[in-house]
Every structure is written in C-alpha cells, then in structure tokens.
Amino acid sequence: MKVEKTDMLPQKAEIIEIKQETKTNLNIKTFRLRFKDRSQRDNFQFKPGQFMMVTVFGVGEAPFGFASSPTEKEYFEFSVKEVGLVTEALHNLKEGDIIGVRGPYGNGFPLESTEGKNIIFIGGGIGIAPLRSLINYVLDEENRHKYKKIQLLNAFRSPEDTLYCDDYEWWENTENTEVKYTIDEPCEGWSKCVGFPHTLIVEELNYELPDTRVFTCGPPIMIKFVTEKLRELGIDPAEIITTLEMRMSCGVGKCGRCNIGHYYVCKDGPVFTLEQLGEMPDEY
Amino acid sequence: MSNYDSISQEISEIAKKLLKESKVDKVIGFGLGRFTKEITPIFIKKAEDADRLIFNKNCEMSLTKYLLNYKGEKVAIVAKPCDSRAINAYLSEDLIKREDLVIIGINGCPGIEGNTACEECNIRNAVICDYSVGQEMSEEEIQAEIEGFEDEIDKMNQAERLAYFQNEFERCTRCYACREACYVCNCEQCFTDSNKPKWLGESVKLNDNFTYHLMRGIHMAGRCVNCGACEMACPEGIDVRAFAAKMCSAAEEIFDYKSGMDPEQKTLLSEYKVDDSEKGFME
Amino acid sequence: MMIKKISKERFKKLFDELKEEYNIAAPILKDKGKEKILEYDFINDFDQIVWDRQPDSSPKNIIFPQNSMLGNDYKGSKYYDDNLSTIIMGVRSCDIEAVKVFDQVFIEDDSYIDDSYKNRRDKTIIMGISCAEREDSCFCDSLGLDPIESDYAPVYIFKDEDEFFIKIKDEKYEDLFEDLPKGDQAQLKALKKQRKEEFNESSFSLDIPTPLPEKEMFEADIWEEMTEKCLGCGVCTYYCPTCYCFNFFWEGEDGESTKYKSWDSCMFSSYSVHASGHNPRDSKGKRYRNRIMHKFSYHPLNYEGLACVGCGRCIDRCPVNLDIREALKMTEEYLLEEGGDESGKD
C-alpha cells in the first residue's frame, strides 16, 4: 500500500453522539463520529483491531482503537478513558464538535483465518473496546454464519464499571452465542460471575480444541494471567490473539517510540498472536 | 594552588586503600576513556583499577548527581570544592546519607579549562570531606586568583542584555544537557516534561527557549553552587550558567547566603526571617 | 561518469554560478559563545567553507529540520530560497551514509512514504568530499564504510591542496559541471590510493556480526552498567546524523492551530511514557539499549545496513564522553562470553 500524499494532517470528523459509559470509578465515554465530507464517509474502510490517530485541535493527538464494527456504515466509535491531556480535552467536547482523525492504521484482527472456528473473547475494562469492534462484526447477521460457537467473557472491576450495556441484549440473543460477565469482588445485587477472568475459564467457557481462537484484551496483568492459563489448557499460542498499547506519534512506523524490538506496534501490530509476542523482546 | 598530577596521585592512593579495606563498594571519579583520551566519569570497583583515577584541567563534570543512583550503597566520590558544596546541599535536603559516603575533597582547586565559573570562584577548598587532597589555599591566595574579575553581563544595560541572551538562546536545541548535568535538577518530573499544566511549548523557538532557561534559572536561586557543569555540558556553547550565577550572587548580596557551605544549612527558600531584605520588591 | 579538475578560484566561480540556481549549504564556522563550531548552513560566500576537517554537526538539519510546520521546508537561513533546489557541499562518507538511512526509512520503505521528506530530498544534490584524515572519534571504516569515497553521493569532491577534483557520477548533473576543465582519471586514482595508504588505522574494530541478536542482547544484563555515567540528555541523538525520531505537536488555539513536527530523542525519559504513566523504558539503560539496538539490530533487520555510520559525534558531543565504541566492545565481550557458555553446553 503506497501512501503518496502528506497525510499526517487529520481529516475533520463530527461528534454525533457521546455516551457516558462509566463515571464512578473510571471516566469513560464513547464517541460516535462521522466524517464531515460525504464522499469520505462513503469511502472509509477499516478492520476491527485497527486504530486511528485522533486530534483535538490545538491540544494534541493520541491513538484510539475502533470500538465499533465496520458493518456500521454511518459512523465509527472510540471509547476514551480520561487519563491524560488529550483524553481530558476529548472529554470536554460536546456533540456537534469537530475533531481530527487520520488512519486507519495497524494490522487489525485476522478475519479470514478465523472463519470456521469457535471464538472466545476475554476482555477486561476498556480493553473490551477493540474486542467490541470484532464482536459486533462477527455477530452481524451478514457474518455470523462464518463462525462456529462464540463465547464472551467480559470482566469489569464492579457493576458500576460495565461498558456497552446497550449491546448485551443483542449479544445474548444471537444464536450459538454465550455471554458471561464477571466483576472482581462479590457485590450486592450482582448475580453473575465473580472473580478474575483467568480463574473462570475452566468453569465458564467451553474451549473445544483445536478449533478455538481466543481474542483477549485488557490490563497487562489480566492478559498475563489469562494467556498463561490458556497455554496451560493447551491452546496453541498462535490461536491466542491480543492487542498492544504503546505511546505513538506517527502511526506509520517512523517516529520511533512504539517499537518492541524491530517491530512497530503501530505498523506491525497492534494485533499480535501470543506466538509472535514470544519471539519479541519483552518491552511492553 | 595545587597541581593536577599530585592530586591525581593522592586520589588514586586513597581510593586504593578504601577499596582494599572494603570501606566502600565503589569510587566515583574521573578517568580516561578506552578509546579516547577524553576525561570521563569512571566508577572504580577494584583496588587494582584505582590507578585509573586522575584529575586534570578537563575534569569538568559534576559527579555529585551520581550519588543519587547509589542510595544505600557505600561509595566514595572525588569532589572539587564546588562539588563538595553540592554534596552538602544533598545532605541538607536529606537526599543522601553521610554515613554511606566517603568524600575525597580537592583543596586548592586549580580549576577547569574553559569553565568561566572558575574565574569567579572564591571557594577553592573542599567544604566537606573525609580525605583531602591537594594543598589548602588561604583566603589571600584565593582573593589574588579572582582579583579583577568583573561580570560582563552586569555591565550591560537592559537592551544589551536582551540582545545578548537572545543571541545565546537562539542556538539552544533543548537537548537538556544543562539540566541533566546539573546537580540541582533532580526533580522526578521537570516542568519541561509536564503537559498538565503545560508550562512550555514543544517548539525549539526563541520564546520557548527563553522560557525554559528563565524558569530553570529561577529554580536555581539558593541552590546553584556555581560549578559551571551546565555550561560545560552545553554542546552549543551557550552561556547557560548566567542566570543561575546571577541567582547565586543575588542570594549572597541580598541574604548573605551561599548554598552548600554546610550540611546543616537550610535552603534559602525554605527559610524566612521577618527582617529579610525585600530588595527589588515593588521597585 | 565525468572527472573535472579545478583550482580554488575556478571553484569559487562555479559556486557563484551555482548559487544563482541553487541554495547552497556547506560547513562553515559559527560562533558558539567562546568556541567556534563547524556546522552546515546555507551560505552565500564560497570562502566561508571549511573543507579540511569533519564538521561538528551533520547536515541532518538541512534535510530533516529540527522544527517544521507539517509539509513545510527549512526556513532557518536568510540565504534559503523556497523556490530553489539545494546543493549540500562537502558531505563526508559518514554523513552521506546517514542520508541513505533516511532515504531507506522515509522514501524507499513503501509501507509509508514521507512526502515532505521526499520533496525536500528530491530537490537536494549532495556533493560529497573525500576525507583526508581520521578524527579522534570517528570509525566509519570499522563499520565497512569508505572514508575516501562513498558511492551514494551523485557528485564527489577530492580536495588536493588548493585544487579540486570533481567526480560526477550521476549523468543527471553533468550539465552543471560541463564547462569545467577535464581531470585526469589516473591522477585521481593515485590520489585516492595515497589517501588510503596514509589513512591511519582506527583503534576500534567491530568484531561481531550484525544485526545483533535481538532477543539475546535485549535480555543481556550489561545495559545499566554501560550507562552508569549517562546523564540522560538528548545530545547523542540530536547530533547523530541517523537519529530520526520525531514528535508532533500543536500550537495555537482551536480553529487556528498548527501542527508541527520536531525532533525527539529516545534518550529522554518522557519519550515513551504512556498516558497512564507506565513507561516501558523507565531507565537510562533501557533507553540506551533501544538506541544501540535500533542502530545495530532493529534497523538492519527492517532495512539494510547499520543505522550507525561511525561519525563519532555522539562521542565528541556527549557531556560525559560516553563512547559508543566502548558500548559495542562491551556488547562484543558479552556475546563472546555467552557464546562461550553456549558452546560449553554443547
């Protein structure tokens, strides 16, 4: 793919909806966006697992993975946790405001090679955002038939931290699809699972080997325990897929800061299999 | 004034003894690189390597800051008089422990080539040490050394000063060598790296460069020991010491305060007396 | 290929002709406080050029300015004209090789072509110059480069006392030099041979194969000791002819803000910090490891050749004289020792 023009300047996109996902512990909002320009809107394509560089004009730029599925043609979404300068500025914007976006960048989740497999999604907190893009893609009626059993294990800190509640009904009612939710500690009124996701894999999920592929994303410590457990259960590291986060500036493998060994997370990732990670230096 | 060779020899002997008797784990001093004949900080761990320690007119770095890397370890350090003041300042701020430290202080410091701070330096003997090397200089000898020194910037009028500093800071690439070389600059996060609030623009333009040097200069009040390490570190030959040096002389002139003279000394800005001079205030 | 030989006076005349149609950058002495530093800049006067020693900085700032508004060009000199192409005169093998590294990364890697770099580069002609003697800190020949002549510059100068051979390797530029008196190829060959013989040997040699083993060296325990004296400033990266890390930033209020690009340095502690505060390279050793490994492992794995050209400026400019050659020797010693262990197991 050749990119010949200077595309380091962002395109303008309008915030058409802002949803406050959580507020009590973490401040997370989901931004629904669309390009100002109609032809741009029509030509825009991306893959679940890819990301955009998002600009708040005058403030700065930061990478965000798509939280919506490309099957939604009219808009795309990012979920943003307020942590630093750019995310704070984003949180201060309102519907109708204009931001800048450029991309999509990165490799995205493997779609074709996942066809014909069982899929397990294990996501924690804001880490569910990039998974949601893929979940909504595979559960879409156009695509659902391409995959076998689909299971979701969504982990949150507490009931107040649950994300994407509006999707639950749809997820749960799709055929041959099972959805589980867990929180870290028992809590009054919570009747679903309790405990860290790695402790629930054996009991709550059916990992039919060898045709199962696992997508996991969440806090580094969760990924560590989950992947250790999965390997222990005999799942091939090439079938365990995660995404990495790194500080980035350019998004195209040039500016230097997101490299892990000779791989650039922005260009060669952010999606990697556990097998690939095993070959890379441990610098994340 | 002491001579470099005899100082070198004395340092090596003391270091050898300290390492042989396991009084310290390492000696921080100056030596030559493996491929260049340039002076570089060296960290001697074995008695047989102590001969590598030298002192000459190019020992321009302040070694004091390295002490922050060895908290809890027993280390010896070679200290020029200015560096010994920096050690005092660290002790007074409780950043290092006296009992972990063996100071090899240089008396009658013969100065560093190209370091303009030495031209006005009136502290030529180590102010704190366990071992002293070289020959102590008397007050008269010191006065004779700095006699006739005049601060060129002091003589300029406001417009000339502005022009002078514009010309200097225009060259700044914001590599932050001055900051990293300075013993005072040990903040966990420098204001330059803060983006909330954002004190400083990221562009390397004159106004941002000015802001950087002025803000850094202000932080030097009552802390700078006028060692000149910042200026020696600057790859663009910028007079980065000027603001800090001005802060030193102002502290001395207004509050009769000289930083790092005593390990018990409180920092200038942490003390307030009702009868403190308010020179310059609302003038 | 075309060889010309001209006197200093004739070169001066050529310079004056060229400057009508080109911006010309060359190494000139610049006042830096008490010292004078030899740096590339745009000039108007041939006599300002200093030919006889390695400049203290590379021409990086000309092809990759420290600050640029996105898409915009160098505007740092009163002699620079936006409408003209640029000739950089007197570039040595090391710095020419560094331009090659930039070209690999920003133009030849077709996963992304940096348009602003490409535009600038397309409008730049490099006139190399042959080195006559080694500086204390340079070691380009230890990395396989030839200080006498680099193949990557389309035009090359060989200064012989007050006379100059000009070798035009790229036909595209023959027109510019056509009127000059012809040079004798045998004479130039003899000069080069003599240079080569007189060039004193480097005290350093790189005796390990590259790319350095990525994972093994990453896990090596030598990096913190190697950087014990490192201050953590950005000097080595800013004066490195091949370091190209950059950052974007915005200035101005919403509505009228401008995006800028500026150099960044992997040696800064803030460089790789995540918004969450997590920093994968949270010590000087880890940062220096990335710097060395980028040059001797990651770049060669992703492209071709090393991303260190042996110019020695990081050594000369470092406030504590941290020497990359010592770092490489420590790496070599580590690998030999570890390699020894490995073969011992077999």
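A few remarks follow.
The chains carry the letters A, B and C, assigned in the order they are written, with residues numbered from 1 in each.
The definition used in the following text is that a contact is a pair of C-beta atoms (placed from the backbone, for glycine too) under 8 Å apart; a residue touches a chain by one contact, two chains touch by 3 or more.
All values reported here derive from a predicted model rather than from experimental measurement.
With respect to subunit B, maximal separation of chain centres occurs for A (centres as means of Cα atoms). For chain pairs A-B and B-C, the one joined by more C-beta pairs in contact is B-C.
Rounded to a whole number, the gap between the C-alpha centres of subunit A and subunit C is 40 angstrom. Each chain gets a centre from the mean of its Cα atoms; for subunit A and subunit B, those two points are 50 Å apart. Between the Cα centres of subunit B and subunit C there is a gap of 33 Å. Across the assembly, subunit A contributes 60, 84-85 as residues in contact with two or more other chains.
Within subunit C, the positions touching two or more other chains are listed as 247, 249, 251.
Within the complex formed with subunit A, the residues of subunit B that make contact are 195-196, 198.
Within the complex, the subunit A residues that touch subunit B are 60, 84-85, 88.
Subunit C meets subunit B in the complex at residues 32-35, 37, 66-67, 136-137, 203-204, 228-229, 231-235, 238-239, 247, 249, 251, 260, 262, 265, 268-270, 315, 317, 319-323, 325-326, 329.
Across the complex, subunit C is touched by residues 1-6, 8-9, 55, 57-62, 83-87, 245-247, 249-250, 252-257, 259, 261-262, 267, 279-284 of subunit A. Contact residues on subunit B toward subunit C in their complex (touch as defined above): 33-43, 61, 65-66, 69, 114, 116, 168, 171, 173-177, 179-181, 193, 201-205, 232-233, 235-239.
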